[in-house]
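What follows is a set of structures to go through.
The two complexes that follow have chain A in common; it is paired with chain B in the first and with chain C in the second.
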Partner chain A sequence: MTEERYEFTAGAKKKIFILGAVGIVLLIIGVFMAKSGGHAEEAGHALNTIEETSLLASADENTIVSNSEEAHGEEGEHHESAPWLKRIFSNLWINNVYFTGLAIIGLFFITIQYASQAGWSAGMKRIPLAMASYLPLAGIIMLVSWFAVKADVFHWTHSTLYAEGTDTFDKIINGKAGLWYWPLAKGSFPIFYVARMVIFFGLWYWFFKLIKDHMLAEDLEGGFDHWKKARSLSAIFLVIFAVTSSVSAWDWVMSVDPHWFSTMFGWYMFASWWVNGLAFITIVVVMLKQKGYLKVVNSNHLHDIGKFIFGFSIFWAYIWFSQFLLIYYANIPEEVVYFIERISSSNYAWIFYTNIILNFVLPFLLLMTRDAKRHMSILMVVCPIIIVGHWVDFYLMITPGVMKTDGAFGLIEIGMFMVFLALFIYVMLHNLTKSLLVAKNHPMLEESLHHHI
Partner chain B sequence: MESGKNFVLGIYNDEDVLLEAVTKVRESGVKIHEVYSPFPVHGLEDALGYKRTRLPIAAFMFGLLGTSLALTMQTWMLGVDWPMIIGGKNFISLPPFIPVTFELTVLLSALGMVATFMIVSDLKPYKKPRMFDIRSTDDKHVMAVDLGSNNLSKAEIGKVLNESGASEVNDKNFD
Partner chain C sequence: MQVTSPLRETLITKGKTVHDITEDICRQVEGKPTKSWMIGMAISLGILAIGAYAVFALLWEGIGVWGMNKTVGWAWDITNFVWWVGIGHAGTLISAILLLFRQKWRMSINRAAEAMTIFAVICAATFPMFHMGRLWIGFYWALPLPNAFGSLWVNFNSPLLWDVFAISTYFTVSLVFWYIGLIPDFATIRDRATNKISKAVYSALSFGWDGAAKTWMRYESVALILAGLATPLVLSVHTIVSMDFATSVIPGWHTTIFPPYFVAGAIFSGFAMVLTLMLVTRKVFKLEDYITIYHIELMNIVIIITGSIVGVAYITEFFIAWYSGVPYEQYAFINRAFGPYNWAYYTMMTCNVIAPQLFWFKKIRTSIVSTMVISIIVNIGMWFERFVIIVTSLHRDYLPSSWVMFYPTKYDVGVYLFSFGFFFTAFLLFSKFFPVLNMAELKSIVKSSSEKK
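After this line comes the complex of A and B, so read on.
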């Protein structure tokens, strides 16, 4: 079998630069548009929705606390940023979480294949590996941007919330403060939170490095030992990932709405990350195949990964619906406020329903037949839908919590996503050139070649 | 000659020989009724030229039936026949209907698929199975050729089977 290497051509680089440049231009235009118009409109919205919220939620002590969030910001030590800047911060955070997800799912996919001793995927493992090489950059960008966006995105970072006896004191957030500030005093530096972020990225990168080294050493030395060691490491990583993915969901996304909580949230974010990562892997595999690479991958392998995407689109819908139904049915004010913010606001309602159509209805109907999963053309329709759909999903998790009723969808959102996407694709393809495109000594490559379903 | 009654059986010892034989026999213009094997032989369906099953379409249709049945049932029960206030929700509200709808969709899809499969494959309780050669449950592969649906004579078919590598060629007649 010939050694196959990916060549990162100048043409491909140019396309990625154009993607990023167009993104930056759209972002700048979007900022100017947001700065010049729409202020009067925003104020009207804010009033309406607060009234609606208090109508639906009972006049409970806790609810009043959760609705008075806007008041805190202005009185706090941090100056509230202008709406357009908040919108940029919000987008920055969405893309941070989204692309960190793509990277870590790359590693998760590989470890799942090792732990389950799967043979079918042996020929395409280098693509998720290249995706995971974005991890260190994702960690750095996330850590740096956290300090930039924290005052606007993370309401709980305002120290005035923890001053007992004052107007700004927030009983609920104060009760949760240990999750972020332990062992330091509440309202000081959130050492526990930042340490977790650093440790999670550190652990993920460490396991990525260990497993990657075994995968690459296998190319040179062959044999069964590297596969066995990678499998053991994968099993350990999966246990770690079970915990870290949940906690990172609480830290990075759920704490944007600090009064609110959902016990489904860890799973919800994982489901979103996972199906999104699978769709991205598929797109890269199909595009490489269209360029004439990856001859070892045929429609049987695409069928398998297509089933993965089909199944986990349903899984995402199941998790999403389970979270929604319980909150809807119980109708507890401090829980239900999350969905009221999203459904009763005209800014988010259409996005809320679009989310379900893009991530469940379309993949479910389009990928149902066997032929759909085996044909590259249909996968290239469904996977981009999922990629966009899960960005929308993260938008809905984060933006209403940050912007309240001022949230919008426009050029800023599209531009920022394109910039991050260009960066991610560049890092991924750059790392794809560093090793063989197909692991030539993988002990299950032969099995993969004969894979037939 | 009436079809489904008189058969010529080719007995094969090895699945690789069988796979080649199936292709050879089909190429020489003999229609194969069915091949019986003690274990699944990879690629046999392709060699026999079987079309893919349309069972998934039946499953989808039964699933749709389940979805519409569940939604109609709940709307009628809780919205028309006996409206009840539950948790202050509307009488007809979609979210609480979803779990029941999901379950009935899966149930009807599964049961409908099983029923369709049994009808199409002519399986029913107390059906007496047709055993061409008992050794096909042990260590032999049995290729059955229906004389009724072939224009060739018994001797000609026997010759084709022999040449394709069959270890024995037998007759089998059902009343």
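After this line comes the complex of A and C, so read on.
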């Protein structure tokens, strides 16, 4: 078969730059609006906030173990940044986690295909590979921005929490501090935490590199050896990912609400990452097809990945619901406060329900029929819904913990997302040009070409 | 045209033809019962008789004959219930989920696995009924019947009631799925039958199957629809079983990871039981060319995956108990690892987490003896998992004055034996009178996946 290569045209680059530039402009306008404007709104909002704070406080009073926590929480406020800056930091962190997810899911998708000996996907594997090439950048941005945002996003980084005998001492956070500070003193430099972040990205990137090298060498040399080696590497990666995905969920997202805990959380974040990654792969495949590339991918392959999106949207909802129901049903104060913060606050209540509609109701209904999964036009409706939907999901995981009742949704959120999206797409498309668009020597390619369902 | 990648291993060895399949599988249905079958049946009936005595004593005397006490209100009964329900997951997983994933290797094992599912679910259902003590009023307690006894209704908020709905739905769909798959094979046996009785019986069982193209089309579409229905059901059953525990506020029970972790554990134990049964069946019925070492290897890989998921869940639970800072939660897990039931905990850990990891070695996962041993170890481990969750969490409750140990009586053992007796009797009857492999489906892959002579 002919060698197919993607050409990153000047027109495409221009569009990405416009996306990023508009994002920056919106971000700047958003910051100005947050700093100055909207006083009339703020007044009404403030009234709301007072009520809600008291509601939350009363929810917390019932907390058996953690009744001391809110007191220092209030005091903690004054050495934290202004709300608009906190909001930027919060968004920075949301996008860090979100786009890291897209990158690592690129690799996860490939390794799952190898490990399960899937044939159908042989023609589209270069797209997740290109997505995963964002990994090193994701790691650098995350590490750098962690130091910028830590005081506002990660409450546990405040050393005053660990000063025994003072008002600010927090018994619960002190009890788990070893997870972040070991072997150093509590409240000093969180070396264990930072080391984990570096090691995780290092491991992920290392396996990405190893697997990618085999994939590209196969283009030149053919044969089955590279496929088999990539398969063994994939199995090892999946074991590593099983642990690192959960631990990174605890580190990067669950610890934003440092008192709260849920055993499901690791798998919840994975479910969100995974279905989002599938939707992103699909959108790129469809867009490439619309530009005339990827002739080898036809409606049968789209049907398969569409089934994945459908199935894993349900899976996400299953994980979401299981976590929610069990916490709601048992109604234990230290757990249920997490959902009270999100449902009983007018800032987040509508987002809370939007999240379920975007990530479950709409994909479920829209992708129900066989035809829906086979038509590019419907996939181009559902996939953006999911991609926005899971951003909202991460917004909801992180913002209430950072902003408490000051959370907002506006131009800052939209602008920052666009900037990151532009960067991600640029890196992905740039890497897509570096290899063949279709792995011509893939041992499953022939099977995939004749795939018919 | 269907293409099979040269990478794929053959699923049927020694160049069996379509006719060979019919001969090899009909042989034991048409022939006289073998000696080994008779011995197996005699042992099973013996166990069933001993068990039946225990059940009779239980129903006559009441559940006081069991070893439960006021602190440990659930013990072997619910342990056995969850254990059997878990085993009842593999069949539908193999036939439904692997069908959706187009895994051809399922065709050699799905029939027996589904039969196993049905018998296991029946065994499971007996335990909650026995636990009610008075079987005859069980219907009023379990089903939402009109209020014949005044204004009392079943408690719709209780996951125990959800269990009734989930398991009965699952049972019905599994039974229909299994039976529909059997119809073409019954027709084959009917057409070959030489004596009048078997001709009459199998033609009644085969519902007038005529093998027309239209009939096959309907057969295939109904299989797909049932697979789609059965997939969420497989997940729902163990999800709801897990909620029997997780909706409570008992430390060690209330944890959000339970639903998916129970499902993974169920598939894990189900596959172990399928392996145990199939290794014997393939030997006794000489089906080595259909259930090849490759099939065994793939099932062992499923064991590694699900065993690892379960392992990650154990670690997560332990970690979050520490992380939560809740003293009761922490104690529950310290008590598991260092309390008087720590032998059960370490049995569980060794059997479920360490033993399956041996399958990473190709030598071990392709060896029949080691597979047999590990599959039994996993079954033991999964029984202990439920025992640890149930008894260890209960025996030291919030009131140290009521801390006790649980000691099973001979009736606890006897009723458990009863379920074994029933299970093996039913499975032996099935394997004698029904075709143990799906002939019709196997024939469909002879062309693509059979070893060329």
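Convention: the second predicted complex is superposed on the first by the 412 of 453 C-alpha atoms of A that agree within 3 Å, B and C clash if a C-alpha of one lies under 4 Å from a C-alpha of the other, contacts with A are read in each partner's own complex, and residues count from 1 in each chain.
Throughout what follows, a residue touches a chain if its C-beta (ideal position, glycine included) is under 8 Å from a C-beta of that chain, and two chains touch if they have at least 3 such contacts.
Predicted, not measured: the structure shown is a model, and the values here were computed from it.
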| item | value |
| --- | --- |
| Which superposed partner A:452 touches (first chain B, second chain C, both, neither) | both |
| Winner by number of chain A residues touched, once chain B and chain C are compared | C |
| Partner chain in contact with A:287 - chain B first, chain C second, else both or neither | neither |
| Which of chain B and chain C A:172 touches, first, second, both or neither | second |
| Which superposed partner A:227 touches (first chain B, second chain C, both, neither) | second |
| First, second, both or neither for A:369, with chain B first and chain C second | first |
| First (chain B), second (chain C), both or neither touched by A:329 | both |
| Chain C-contacting residues of chain A that also contact chain B | 325, 329, 452 |
| Chain B residues touching chain A - in the complex, by the definition given at the top | 42, 52, 56, 60, 87-89, 95-96, 98-99 |
| Residues of chain C touching chain A in the complex | 1-8, 100-102, 232, 235, 239, 243, 246-249, 254-260, 308-309, 312-313, 316-317, 319-320, 322-327 |
| Contact set on chain A toward chain B in their complex | 321, 324-325, 328-329, 331, 368-370, 452 |
| Chain C-facing residues of chain A, complex | 65-66, 116-117, 119, 171-172, 175-176, 179, 224, 227, 239, 242-243, 246, 250, 259, 261-267, 307, 314, 318-319, 322-323, 325-327, 329-330, 332, 334, 443-444, 446-447, 449-450, 452-453 |
